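Structures incoming, each one as structure tokens.
Next come two complexes built around subunit A: one with subunit B, the other with subunit C.
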Partner chain A sequence: MTTKTSLLKVILLGDGGVGKSSIMNRYVTNKFDAHLFHTIGVEFLNKDLEVDHHQVTLQIWDTAGQERFRSLRTPFYRGSDCCLLTFSVDDNQSFLNLGNWKKEFIYYADVKEPEKFPFVVLGNKVDVTERQVSTEEAQRWCQENGDYPYYETSAKDATNVAVAFEEAVRRVLAMDERTDHLIPTDTVKLHRKPRSAVACCS
Partner chain B sequence: MAELMTPDSRRCSYFFLYDGSKVKGEGDPTRDGICYFYPEETPLDRQELLCGQLAGVGRCVSEVSSSPVRALRLRHNKYAIRMEDDFFWALGCSVEVPTVSVCELLDQLINLFCFYNGPVRQSYQLNGREPLAARWAQYLSHLQSGSSELQHIFSCVRTMDSTNVDPLLLLKAALILQACQRCPLVLAGCILFRGRVVSTQMSPELTMKVMVHESETYATSHIPSGPGSSSSVAPSVSSTTVFLTLSELQDLQAAPVDKPFSSRSTPHKDAPMKKTRLSRTLSDMASTESDTSDPASDQAPQKTSFAPCLSESESSMFSPSASQSSTDPSNPPPHSPKPNSQQAEEAALDESHYHSFHSDADGGGPVCGEEDRSARGPGSQLKDGDPDAVCETALDREAETGKEESSSGGGSEEEVGGSAVGPEAERGPAPGSGAPVDPAGAPLIPMTLYLHRVKSLVLALLVQPHFLSDTASVEEVYHSSLASLNGLEAHLRSIPPRVPGAPGPYLFAHFDRIQGTLTTNLSGRPGGAPQHPFVRATSLLHSHFCNTETLQEAIIRSAGAAVYGTSSVAQETYFQQHGGSLRNSGIPNHQDSAFSLPSKARHRLLKHGVNLL
Partner chain C sequence: MAADSVYKVIFEHEGVFIHPSSDEDGIEQDLLVSGSLRIIDKDGEIFVEYKPLEDAVDPSNMLCAGKDSSSVVEWTQCPGDKSHQMIETQQSYETEWDMINTVSFRKRPCPNGEGFLNHSHERSRWTLTFSVCELKSITVKEEGWTFLLCKLKEATTTIPALHFHHGGSNEFLDSLRHFVLLTESPDDTTCLLVTSPNKALSQSFENLLDDNSFGLVHKFKKDPYVTTLGGFSKVTNYIYDALRGTEEQHQRPPQEVADLLGEIIPGLEINQQEEPGFEVITRIDLGMRPQVTRRHPLSAEDWTKHQHPEGRMVNVPHLKHSIFKGGLCHAVRKEAWKFLLGYFPWESTLEERKALQRNKTDEYFRMKLQWKSVSEEQERRNSRLRDYRSLIEKDVNRTDRTNRFYEGIDNPGLALLHDILMTYCMYDFDLGYVQGMSDLLSPILYVMENEVDAFWCFVSFMDQMHQNFEEQMQGMKTQLIQLSTLLRLLDLAFWNYLESQDSGYLYFCFRWLLIRFKRELSFQDVLRLWEVMWTGLPCQNFHLLVCCAILDSEKQKIVEENYGFNEILKHINELSMKLDIEEILQKAESLCLQIKTCKDLPHSVSVILGLDTLDPCGSPAPRPTQCLDTCCKGHLRETSHNSCKVAFMS
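Let's look at the complex of A and B:
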């Protein structure tokens, strides 16, 4: 189990300008570029990491937040193992839009059981002094919407970025384990021959 | 009759390089001078015959007329000719192919060789004939590969079908290239997907050259391009040494590099400054318009900027006055002798480093340092440096040559095609093909071609040779583009192939002279019966347009078909309407349906993005 490397697709969603690309770049290349252009469509980077003795390759998909890029980004929601809903703590509107992002994701990713899907909420730009969204507000939203883990991050000074991604991985792995446990109990093993039956008929 | 046979799918029937310096004495066999001959299976005595005869004719005509021959036309074949010091190239095509196209193909071939191998003379001094023969064969097959008959006529860059790609993705590609240019060691780049251009900052000619290496590495992509060639960053990155002509380099360096993301959507800003375009994307439509209004854009961009210095001082290409005249004051100054030689030395120093990147370890690396220094000497004869066509004065002389020859020589089968080729240089069908040849030879400047492959997508960058030793720069470029390249690849891969609709009751071909692209609704298959007259007519009209600069519109007709052609400095468009009997009584008739072709073409082609208004 521990030697197997699994590929996990996590996707960053949220309004334009909240810092999704910067979070990804900070996490994968440990760099911060204040002059990034709008992401057009989608981009992604891979990162190998080990969480609780599980080797994982995290494929982080960064998406365009602007409405005009919607048709480009939505086809790539499918197959995501985890969704990082991102807002900026200095932009109240981006916080209010979290619900819409969640809806959009569930719709286009065609999530079968939305209430069980692992979402993680990131409040980015905590380095900024003028906050518009308080920690309590954000935590309340997370609790009310499905008890999602909430992290306050800063791509600029690297606060909590790695922690958030590791938590995302843990959530996915926990999901997998749950389903792993479920599968054996619900299945019928076709290859096991019922010996008694032979005896009975002959 | 060979002439009536359907044209061979091969564009060229013969090609050879003959080195006259190897055959000086009376007893020297001709075969000693044959560096490469295509088709390779041609019997040696036939090779000798052709090389000997053509080289003899070429030399004779040149000496009589004291100007170089550009084309020889025989009954079944026509040959494009290039002579540089002792080298003699000939490329033979069917007579149906326009002479301009044959000459262009030969120039392309020689330019390609020089781009990857440096000057021809030095390549042959440093390498055996066999490895270089393989190169010629490779370039020749690349230029002929998968080309339709129309592509024999226009040498065009293969691009993505832009009608099938979201323009935002083209913008994304252009932005990736601009982001790479934030590193000052990056000159320019292009992005290719499955062997087609998505976006490029280079001239069509340079883009086409870069694409050869891309397709080469693509073919061998299972082996990640040799052990030494992959960089420390990732195995998907490789590089090779390439050689730019001075005008190519000046063009790249003089291009206004918009610093980070100041957006291409303001074409009017750079259009008056410089004709060179950085990216083939959204903004191009507008700047093409502005080109049209500029009389100077008759000539290729690099030609306009470079021509003065040649006429003023042929021997010292680096003279300050020359560089003064060739640049816009607002642009960074081009090479002055000092930094350039410095750069060459740096290149020589770096060579040991990047030689290890050079997958085809047969000496591309070592050439560069020496070559660049020696090239500066007035005695150097590195003409291969600028294999681009002929300048106008040479052509005028050449036209006379043609006349002289036909009157004096009067050979039964031969005529010198000088006059036919002439105008090509005045308005080269592809920009840049007409950079003037410096009689003393132009130097070639070694640069590095950096390739980063993401599955079917390739980022190709022309970078300064010391880029690769600058780990910080390499990492910056690599990391700043990786995520976007991954994303772009995913986007492009997810585009469904366009279902070819009904071809419509018409045929058209549109050649963009600025971007070197061809748009057509002809199926790629050669020899399609109903298409053949159209292709022939296009070929004929193209010749006429190239030869007669003032010709703007023409209709060419047979008993059963009429093809309309229109040409400007920016484009050439050909159109044929199917069906509807042609009312052709032989005298001008206002009911003649051929006269409605121009308006039909305008109307029909709008939906293909071709605006003839």
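Let's look at the complex of A and C:
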């Protein structure tokens, strides 16, 4: 019997400085570096996990948040299976911008059915004491915008980070049986570029 | 559009000889067989075909090879320009190849040459055709000219050596590379091992070019060269995919990502703006890469020797050369960088510099006061200033925090970094603050240890880097295109590989270029690289050759591991802090020397590296048209039906 592995592309979006890279690094390497550089360009890390007996490889993409870099960031939205909209609970502006990030993602990722697309919302930096965004406000936004799951995370002390990613995976898997993602583990080389060899032959 | 059975000539070269009596030593001229070598797409399968001319041998007939028995092409041979005639010849051929399906293809040459024998026609005995899939290896030999020994997988079959008396072997191999992977044999560098695609997945060349999803036909009209290159690499894509197997054919985001990036970085438009018409960068023999050595950093004593008692710097070219070759001792940097960056004129006296600094200090604090005096009320109504400030505050806390100058909480270095960046917003409010600028400032401030000097040196550096950060990021696009041009000259095979992996526009070099390797090297190495670059030696845009040098060191890994779009990006990102600056500088300099000695340098490359102006004799670099005429017969054109058949770089 062959087990099946899914390769899921997840993208972290949100204002500069909300902690996207820190969340990714906490999840993948379980480390936190308060003095991490801000991201230039795009980066990604892979992480293997098992969710509800599904073997999954998450490919987590992290981008530079500044407006100026939009044109060189948005192409990487293509093919995302899930989008983690991220803000920082000590930065109200980053919360207000969630809607813009969502819009940008839907537009550039070319999502076919935006209302069904699995977004997960992360309110990061809950370790800080001076909050500008309350849990209730954030939950309300999530409810009103598509009933998205909401997690209050701290990359610094690892609060809810893994849980949020696992929920993201569940959302994706629940979308459908993802049969088109299921491929035999024994032949899959996830470091190889996934690419259709037949899609262009029409 | 494709007919049931379609032949396409992908490559054609005439004046290729077989030496029937080739006993290595003697070549009996009258026994030479002359013919044309072609690469043909026959219903999506790629063949190499050799056909002798009916009454060859006489090289003067070489240009009108159309009397080939299998072709009905006829034309009148008019005296005149040979190259013009050549193109006509090929065009005529091609049209015919499209229409005529009656040409018989021999399946393959039979063992011991017996199978070549066509009893009705002596010459046809040397006709041979084989599928590229049957190729095992090609050995490249030189004997005053180049000849190729093709070996088939089926060891019993021998193919006679193909002698390129009129050149063209490189072009043939390059063309072949669009369909198979040629890798040097580890045992014999003259031997290229052939890896061919899985036949089931081999894709019709024509289908690919017609594929509307790539909009190739449309693009071709606008931009035949680029589009065709892309088209060829799409073919290569399928080949690499085929080699990799089909296990992952369910996802194609990398390709979509790449296609979008390709639209944002419109490939090679710059080249075309620079020169009307098209320039084909063909495989140019660059010759040996010369060995260069690096030197010790310039000492304080050496620096002082170049300073006149009044303070003027003397023998500046020599000084710059020394800095280029070895960099600076740290003690000299604080002073020398001001000259290198253009804050201090080289010819200024000490007195003049003091006056300059006084003025610049006033000017700095005037601008600093501007943002310092903005009240909270005002700032609430100034969203741009608010956004700049917010991002600067965030980024200052995330810039070089492990460096002693910026580490810890409330380090004065952080406040200076912040204040200088805010003041720069006042200096250039349109640009304001863009992420990456803190990276450029940090080393300068570290060296200057002075707010005002650091600011003005940063202003000078930003003058060079400004375009990188502008709204349209034109500087980034231009550099990526220039880098692509250089890489194609230096290593076409590698560039072809990258292009086949949707990475030909070199997006993965984005961070390198945006902030000049600031994140790739250790802090001390960044200081070294930047001072070397600021000498402006040994050519313009030397940093692009630095990119090429790094890529040269990584290409083996990338190709051997068969990295795709994502892995290339990841691999390059992860080179950060693993690079050896002296090794890179050495290689980049030797690449520069190698390019400078090349005679047939494409004009675009001369322009990028500023070699036209650096040429001591003042003689312009050879025009690309010359190169097109003499060293290749590649030609770009659109034929009657827009199947954009053969725009090949041969």
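By our rule, the second predicted complex is superposed on the first by the 175 of 202 C-alpha atoms of A that agree within 3 Å, B and C clash if a C-alpha of one lies under 4 Å from a C-alpha of the other, contacts with A are read in each partner's own complex, and residues count from 1 in each chain.
To be clear about the criterion, a residue touches a chain if its C-beta (ideal position, glycine included) is under 8 Å from a C-beta of that chain, and two chains touch if they have at least 3 such contacts.
Model, not experiment: these values are computed from the prediction.
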Which of subunit B and subunit C A:137 touches, first, second, both or neither: neither
Subunit B versus subunit C as contact partner of A:79, first or second or both or neither: second
Partner chain(s) touched by A:104 [first = subunit B, second = subunit C, both, neither]: neither
Which superposed partner A:9 touches (first subunit B, second subunit C, both, neither): second
Contacts of A:127 with subunit B and subunit C, given as first, second, both or neither: neither
Touching partner for A:69 - first (subunit B), second (subunit C), both, neither: both
First (subunit B), second (subunit C), both or neither touched by A:17: second
Per-residue touch tally on subunit A - higher for subunit B or for subunit C: C
Contacts of A:41 with subunit B and subunit C, given as first, second, both or neither: both
Subunit B and subunit C footprints on subunit A, overlapping residues: 35, 37, 40-44, 69, 72, 75-76
Partner subunit A, residues of subunit C touching it in the complex: 201, 203, 207-208, 211, 213-214, 234, 237-238, 241-242, 244-258, 260-261, 264, 390-391, 394-395, 397-399, 401-402, 407, 434-436, 439, 469, 471, 473, 476, 501, 507, 510-511, 514-515, 519, 561-567, 569-570, 573
Subunit A residues touching subunit B - in the complex, by the definition given at the top: 21, 24-25, 28-29, 31, 33, 35, 37, 39-45, 62, 69, 72, 75-76
Contact footprint of subunit C on subunit A as seen in their complex: 7, 9, 16-17, 34-38, 40-44, 59, 64, 66, 68-69, 71-72, 74-76, 78-80, 93, 180-181, 183-184, 187-189, 191-202
Contacting residues of subunit B [partner subunit A, same complex]: 166, 168-169, 171-172, 175, 179, 260-261, 479-480, 482-484, 486-488, 490-491, 494
